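You will see subunit A twice below: alongside subunit B first, and alongside subunit C after that.
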Partner chain A sequence: MSTQGDLLHVVTSDAISPERRRLGKTLIWGSFGVMVAVFVVLGLSEAGRIGMEFATWRPALYAYLFWATCLCIAQVVLYGEQGKRSLFILPATLFVVAMVVFPLIFALGIAFSNWNLSSPDGRQFNGLDNVRQMWGDPFYWNALKNMVYYTLAILVEYAIAFGLALILASQIKARKFFRVAFLMPLMLSPVAVSWMVGKSMLEIRFGPISRLARWLGWDRPSFFGDPEIARAMIMMMDAWTFIPFMMIMLLAGLQAIPKEVQEAARVDGASGWRGFWEVTFPLMLPVSITAILIRIIFKLKLADVVINVTSGGPGGATDTVTSFIFREYRDRSNVGYGTLLAIVYLLLIVIAITVFMKLVDRWMNPRY
Partner chain B sequence: MAEAQIFHDHEADKGHTAKWWMGRVAIYGVLFLWTVICLFPIYWTITTSFKMAPNVMQGHLVPFVDFEPRWRGWESLGLSPRLIGQESTVREEFIKRFTNSAITAVSASTLAVILGSMAAYGLSRFRYRFGFMRNPDISFFFLSQLILPPVVLALPFLVLYKELALLDTRIGLILLYTLTVLPIVIWIMRDQFASIPVELEEAALVDGLSIWGAFVTIVLPIALPGMVAAFILSLVLTWNEYFFAALLTSTDAKTLPVMVASQTGSQGINWWSMAALSTAAILPLIVIGILLERYIIKGMAAGAVK
Partner chain C sequence: MKKHIYDRLVRSGRLRRRDMLKGMGATGALAAFSGVATGTSVRPAWAAAHGALRAEILGIPGVGAGSPTDADWQQVGELCLGPTKEIVAEGEFAGVELTFMGLNNQNLHNFLFRGFLKPWEAYTGATINWIDLAQADYNARLQQSIATGTVDFDIIEMGAPFEGDVLGRGMASEMPDWVKDVIDMDDYVDYLKAPVGTWDGKTYRVSIDGDTHTFAYRKDYYENEEFAEAWAASGGEGAWEQPKTWEQVNAHSKFLIGKTDPLTGLDAHGYLDPLKGWGGFGFYFLENRATPYAKHPDDPAWLFDPETMAPRVNNPGFVQAIQDVLDLIDAGAYPADQINADPGTTAFQQFLAGTGGMLNWWGDVGSSARTSDTSVVGDVVGFDINPGSEKVWNSQTGEWEMTPNVSPNNAYIGWGVYVMATVDGDAQKKKAAWSAAAHLGGKDLSLWASAYPSGFQPYRNSHFQYDEWEAAGYDRAFVEDYLSSNADSYNHPNAAVEPRIPGIFQYYSVAEDELAKGFAGQYGSAQEIADAIAAAWENITDQIGRENQIALYKASLGM
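Entry: the complex of A and B
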C-alpha cells in the first residue's frame, strides 16, 4: 500500500462559503465551551462553592456526547464531501479516547492516593506511599513471578496447537466434526469452566479425574494442595480453553501455504520430519509469532479461573496480577493501591511486549 | 477381482502401506483422544445436571445405563417440566440474569461492529492526519487497546461509574464491553475491507453515489461475512466476560457468569443444580459454535494470513 494519498479519491466541487466555515467553527467551539462550562459548574458544586446541587456527574457525560456530536457534524459543515471521510473514524476515536485515555489519566491520579471507598474520608493524596508499599509487598512480586511461569506455559500450548493443526490440515475423514469438537472449549466461559473442571471434575472424592488418578495408582490425589500442582492445574485449564484459538490461527496459516512448496520438498527427497522443519515450520513463523503474541496478550489478562477455583491459593502460588488486585480490592476496598499495582503492571507489559516485538523483528529481518 | 488385476504393487511399496496404516491409526488415535478431552467436560456437566446425590458419589457416567436421569438439578432453577407452568422465584432470578447477559453481549457486539467497521473502512481507504497521528499510528492506537489489561481500567471505572451513576447498570457494562472487543473487530474488518477492490467504490462514485452511499450499499453487503465473524467473536467474549461484571454490578445488572460464580462459593456440593446452571450458561454459545463454526474460524484466521 502506498503511504501517500487516499486509496479512494473523492472529487467534488464543494464551494464552502465563509458563512458556512464560520458556522462550523462556531459549532465546534460553542459546544466545546458548553462542555467546559458544564465541567466547571459541576466541579464548583462538588467543591460546594455555588448553591446548585448535583446528585451525579451524569451531566458531564451528556456534555461530552453533545460536543462529540457537534464535532462530527462540524466536519461536514466545514469540509463538505471531504469532511465525510473523517466521519468514518471519528466516532470510534472519540469513544476510545473517552473510555481509555481519560480513565487512564484519572487512574494516575488515583494511584498516588489512599482512597478507601467504604470510608467517608474520600480521597487522600499520599504521595509515594503506595509505591513504597508495593516495593515491600511480597505477594505482588510473587504474582508477577507467576505471570512469567504462566506465560512460559504458552510454549507447550503452542506445540500442542501446532500438532493438532498439522493433523487437521492433513488428509483426514470427518474434518469438520473434529474442527467443531476442538473449537468447543473456546466457547465456554472461564467461570463455567472453573466449576465444570476445577470444582467438579477435579473434586478430590467424586470427580472423574480424581477417580482416574486413583485408578492409575495415585492414592490420594490432591490437585490444589501442592503449590506446583495447583499452578499446573490452572495452566492446564487455561490451556484447555485457549489451545483451540492458537490451533485455528495456525490451521489458517497451514492452509495458506501453497501445496507446491511442500510437493517440491518431497520431490527433492525431504522426509516428513525434515520437510516439516525445513519447509513448513519456517514458512509458518510469521503466523506463529502473531498467534503467540495474541496468546500472550490474552494470557496476561488471566484471572477468572484463578479467582473462582483457587482464589490465589495455596499461599499465593496460583495468583495472577489481576486476581491479586481483585482480592486486594475485595478485602480492603482500597482503590488507590490496587490502581498503582495495575499501572505498574501495564508499564511492565508495555515494556515486555515492545522488547519481544523488537527481538522478533531483529530475528526475522537480520541486518548483516 | 484379484485375477483381473493388471498392475501390482511392488514389494517395497507394500511395506510402505503397513507404515501408512500405523500412521493412520496414530493420527486417528490422537484425534479421538483430543475430542474426548475437549468434549468430556461438557458431557459431564450436562449429564450431572440430571443426576441425584448417590449418582454423583458413585461416579455414574452414562444416563439410562448407570443411572436414571432426574430433573432435580433443573428443578432448582425452576426449569423442569413439572415446574415450568408454576411461579418460581429462582427461575425469575435466572431469567433476569440471562436477559442481562444477552442484552449486554448483543448490544456491545453490535455497537463494536458498527464503530469498528466504520473505523476500519476509513483506515483502509483514506489517509488521515490528526496532528502527528498518521494512519499507521491511528491503527496502532486502536489495536494497542488489546494489550491493556482489564484490571488497569477496572478500579478507575468503578470510581467514575459511581460518580456518573452508571454503576450496576447495563449501559455501563455495554460501554466497557464495546471497548474491550473494539480492537478485535477493527483487526478483522481491516483485513476484510483490504480484500475488497477499490474499483468497486470508484464505479459507484462515478455513478453518483456519495462515499457513505457506496459504503452502505456496495461495500457492507460484500463485507457481511467478515462482520458476522467479528460479531460472533465479540459475542463469545462479551457473553463470557466475568471480571468487569463482578466488579461493576451488584443486583440489577448482574450477568450470568457472576451468578454462576456466586453459586460456587456458597453452596458446598450441590452438584446437580450447579451443573444445570453451568449448562444453561454455556448452552447458547455451544449452539452458536456448532451452527456458526465457519464464521468463528474465519474471524480468527483473519489476522493469521496476510
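Entry: the complex of A and C
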C-alpha cells in the first residue's frame, strides 16, 4: 500500500498492470466497434443496401447499452479506485446522452427531411428545402413577431409581480391568506384557465365580464374580434397564471434582504421611494433577472391558451410559434418541416437567452 | 343512434313505457303481416321470424327504460348471431386471437362492440383484444401506425376520409363475397354505396354509421309577423319563409341586422358561419356554402381536378362562397366575436342558446335542441337539407350555368369497420376477422344501434322505416322531421362526398389557416384567399406525391 499521495480520499492505491490496461482499452474500443458496426448495418439495411432486414432499431439500443456497460467496467479495470469514483457520474452522463443527444441528432436528421406522414414515400432527405420554406412562410414569421410582443409583456408582468411582492412583504392584515390566494392562479392548468376565463367569463353573451362591459357602456363587447385586443387578452390570461410565479420568487428575494440595510437608508433620511429605488431594487436585481429569465422561457412555450381560445386568430394575431408548430404537426402531419421549425426556434431561444444573460452580466458587473 | 338523440327523446317525455310496450306489440303484428318493407317478402315465414327479431331487439332494454347496459349489448349480440351461425361452425375459430382498434367516445363505440361480440366470441371460440382510443388520439395513432408500418391491430373502426391513407396503401383486406351477402350492402343509403368503401373496384368497408350536414333554422323567425312585414317593406324578394338557397340565406342574414330576436329579446342574427378553424373540420362549413355552387351534377369531382389534382377551391364556385361570407362580415351580420367562433361555438354556444337563425351541422344539433340544459330553441327549430343555389359552376366548360342546384354535404361520410391485410396470410384468422366485422355491420344489429345510444347514425334505407320507429314507441312526427333531413341528404343524387385521399385533413387544415387570415381582412379579395388556399394545396399534393394522389383520387371517385 502506498504511503504517499491523497491518503484522505484514496482507500487503496491500485497498481495497474500493462495487461490490465490493454484489457480495459480492448473493452472500450471493442464494444465501441461493435456499436458502430451495429449502427452501420442498421443504416445500410434502412437504406436497402444490404439484404438484411430489421423490424426496429432496437439492436442499436442494445449495442449502446453494451458499450455503455463495457465503458463503465473499463473505468475500474483501467483506473482502479479512481475509476470507481467515475462510476458515480458516468452512468448518469451516458443516460443523458442517450435521452438528449441522440434524439437531438435524430431530430436534426428529420428537420432536413421531407416527411409527411401521409406520403407513401416516407421520409426523404431534402437538404435545405425546409429552411427555404421557413424563410418564405408568413405564418412562422408572424408567430415569431407575436412572440416578441408576448415577451415584451413580461416587463409589465414583472412590475405587477414586484408590486404584489412588496405588498405581501409588508405588514398587512391576513398576509398569509393573501400569499396563498395570490398563488392560486399558478396552480391552475392553463387549459382550465382557457376554458374558465377565455371561453366562459369572456363569452360575449353570458360571460360575467361581458355583462360588466355592457353595464359599463360597451354595447357589443368583443374580446377576440380585434387583433390587438385579442392579443392583449391572451397576454392577460397568461399573465394572470404566471404573475404569481414571479411574485413568489421576488417575495423570497425581498425577505432575504437584510433589514439593516433598509433601516440604515431610512436613518440616512431616504424617502420611501428612494429607499426602494436606490436600495431595495438594486439588491433585488439578481433575483429579478432570474425571475424574468425563467418567465421568458415559460413564455416562449406559450401555446395551450392560444390553441384553446383563439386557434391563433384573428388572422394570426395571437398565434405563437408553438401553436403553429402544433398545427403543422397534429393537423398536417408535416413532421419534417415541423421539426425544422422547432429546431430553429430552439436555436433562436438559445441565442437570445445567451445574449440576454451576457448583457445582464455586463450591466450588473461593469468592467471599468 | 347518437346518445343525444336518445336522451332528447326520453327527456322530452314523448316516450312512455306503456307506449313502448304498445309499440312492441304493434311491431310484432306488423312484422307478422308484412315483410315487404324490409325486403324479405321472398321468404314469408322467415320474414315473419325476422320481423319478430327486429321487434324483439328494439325492446332491449326498451325505449325510455334507461340507458342500455353491457348485458343488453350482449343480449342483442346473441340474438343477431343468426347470419354468423349460417357461415361459421361452432368453435370454428378456437385459438384465433384478434386485435380490434376503435374509439371509446362517451363510453360507446368499442364498449358496445365488446358486448355485441362477446356472444360471437363464445360461439366461434375466437378471442378479441381491444385497443381503445380517445377521439383526439385517433388520427395521430393511425397516422403513426401507417407511417411506421406498425399495424398492431387486425380490425379497425375508421372514418371513410382515412380510406385514402389505408386502402390506398393496400393495408386493408378485401371483403370476401360471403360478407357482402351477410351485411346486405344494397340496403345502404346511396352515398355509402361504391365508390365509398371501395378502392380500385374492390370492397373493403363494413359501414356502421352515416354522417351528413343538415340545415337547422329557427321556425319562430319565419312565423314572426313583424319580420314578415318588415321583409316585405324592405322590398325583400319572395315570401318571408325558410330559405331554400344560399342567396336567400344571405339576403335574410342581412335583413336581420338590427332586428330583435323574438325568443331571447337580444340581437337577431341570420346564418352562423364559423369563422375560426377547428382542426380541419371547420372547412366542412365553407363546403356547405360552396357545394351548391361548385358541385355540378354531371361531375363527381368538386374539390380537385381528377386529372391533375389542380385544386378547384379557387374556382368561381368556391370564390362565390367565400365572397358571401366576406359580404356578411362587411355588413356586420354576425354576432360580435364571430371571428373567434369555431363550429362548436356556433352550434352549442350560439344557435342552441338562442343566438342566430340558421346553421348547418351534424345530427347533434337536432338531438341536443331539447336535451341540452343550455338549449332554448327546442320548440322552434326545424330541419332541412343543405340550401341550394340559383347557379352552378361547370368546371368542364369553365362557365356559370344559371340553373338551380342542390348538393348536400355528406361531411365525414361516417364510421366503418375494416379488416387489415395482416390477416390475409392466415385463412382462419381472415375468416374470423371478417365474421366479426360482418356481425357488427349486420342489418338487424345496426337497427338496434341506430335506435339506441351507440354513437352511430342510421345509414341503411331500412333504418328509415318510420313505422318501425313508431311501433317501437318513438314519436313519429319528431322522428320523421329529424331523420328525413338526414335521409334526403344521404340519398340525394348530387350529394357531395369528400375525396378519400391521403392527408385530406391536411388540406382542410391549411385552408382553415388561410380562411382565418382572409376573414380577418388580410387578403385583398375572396379570389386572393382562394388562390392562397389553392397554392397551399398544391404544395401538399406535391409533398405527398402528385401522381399518387391523382391515382388515389380517381380510385376514390370510382373513375
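Everything that follows uses one rule, which is that the second predicted complex is superposed on the first by the 273 of 368 C-alpha atoms of A that agree within 3 Å, B and C clash if a C-alpha of one lies under 4 Å from a C-alpha of the other, contacts with A are read in each partner's own complex, and residues count from 1 in each chain.
One rule holds for everything that comes next: a contact is a pair of C-beta atoms (placed from the backbone, for glycine too) under 8 Å apart; a residue touches a chain by one contact, two chains touch by 3 or more.
Keep in mind it's a predicted model, so treat the numbers as computed, not measured.
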Which superposed partner A:Ile289 touches (first subunit B, second subunit C, both, neither): neither
First (subunit B), second (subunit C), both or neither touched by A:Ile343: first
Which superposed partner A:Leu117 touches (first subunit B, second subunit C, both, neither): both
Which superposed partner A:Thr310 touches (first subunit B, second subunit C, both, neither): second
Partner chain in contact with A:Glu81 - subunit B first, subunit C second, else both or neither: first
Residue contacts on subunit A - larger count, subunit B or subunit C: B
Touching partner for A:Met236 - first (subunit B), second (subunit C), both, neither: neither
Subunit B versus subunit C as contact partner of A:Phe245, first or second or both or neither: first
Those residues of subunit A which subunit B touches in one complex and subunit C touches in the other: 117, 203, 205-206
Sites on subunit B touched by subunit A in the complex: 27-28, 30-31, 34-35, 37-42, 44-45, 48, 56-57, 59, 61, 115-116, 118-119, 121-128, 130, 134-135, 138, 141-142, 145-160, 162-165, 175-176, 178-179, 182, 186, 198, 201-202, 205, 210-212, 215, 236, 239-240, 242-243, 246-247, 256-258, 260-261, 264, 269, 271, 274-275, 278, 281-282, 285-286, 288-290, 293, 296-297, 300-301, 303-306
Subunit A residues within the subunit B interface of the complex: 3-11, 55-58, 60-61, 81, 84-89, 91-93, 95-96, 99-100, 103-104, 106-107, 110, 115, 117, 163-164, 167, 170, 172, 176, 178-197, 199-201, 203, 205-206, 208, 211, 240, 244-245, 248-253, 256, 286-287, 290-291, 294, 297, 300-301, 303-304, 307-308, 321-322, 325-326, 329, 335, 338-339, 342-343, 345-346, 349-350, 353
List of subunit C residues in touch with subunit A within their complex: 139-140, 143-144, 146-147, 165, 168-169, 266, 276-280, 335-340, 342, 349, 353, 355, 502-503, 505-506, 509-510, 513, 516-517, 519-522, 540, 543-545, 548
Touch list for subunit A against partner subunit C, complex: 114, 116-122, 139, 203-206, 220-225, 227, 230, 309-317, 327, 330-334
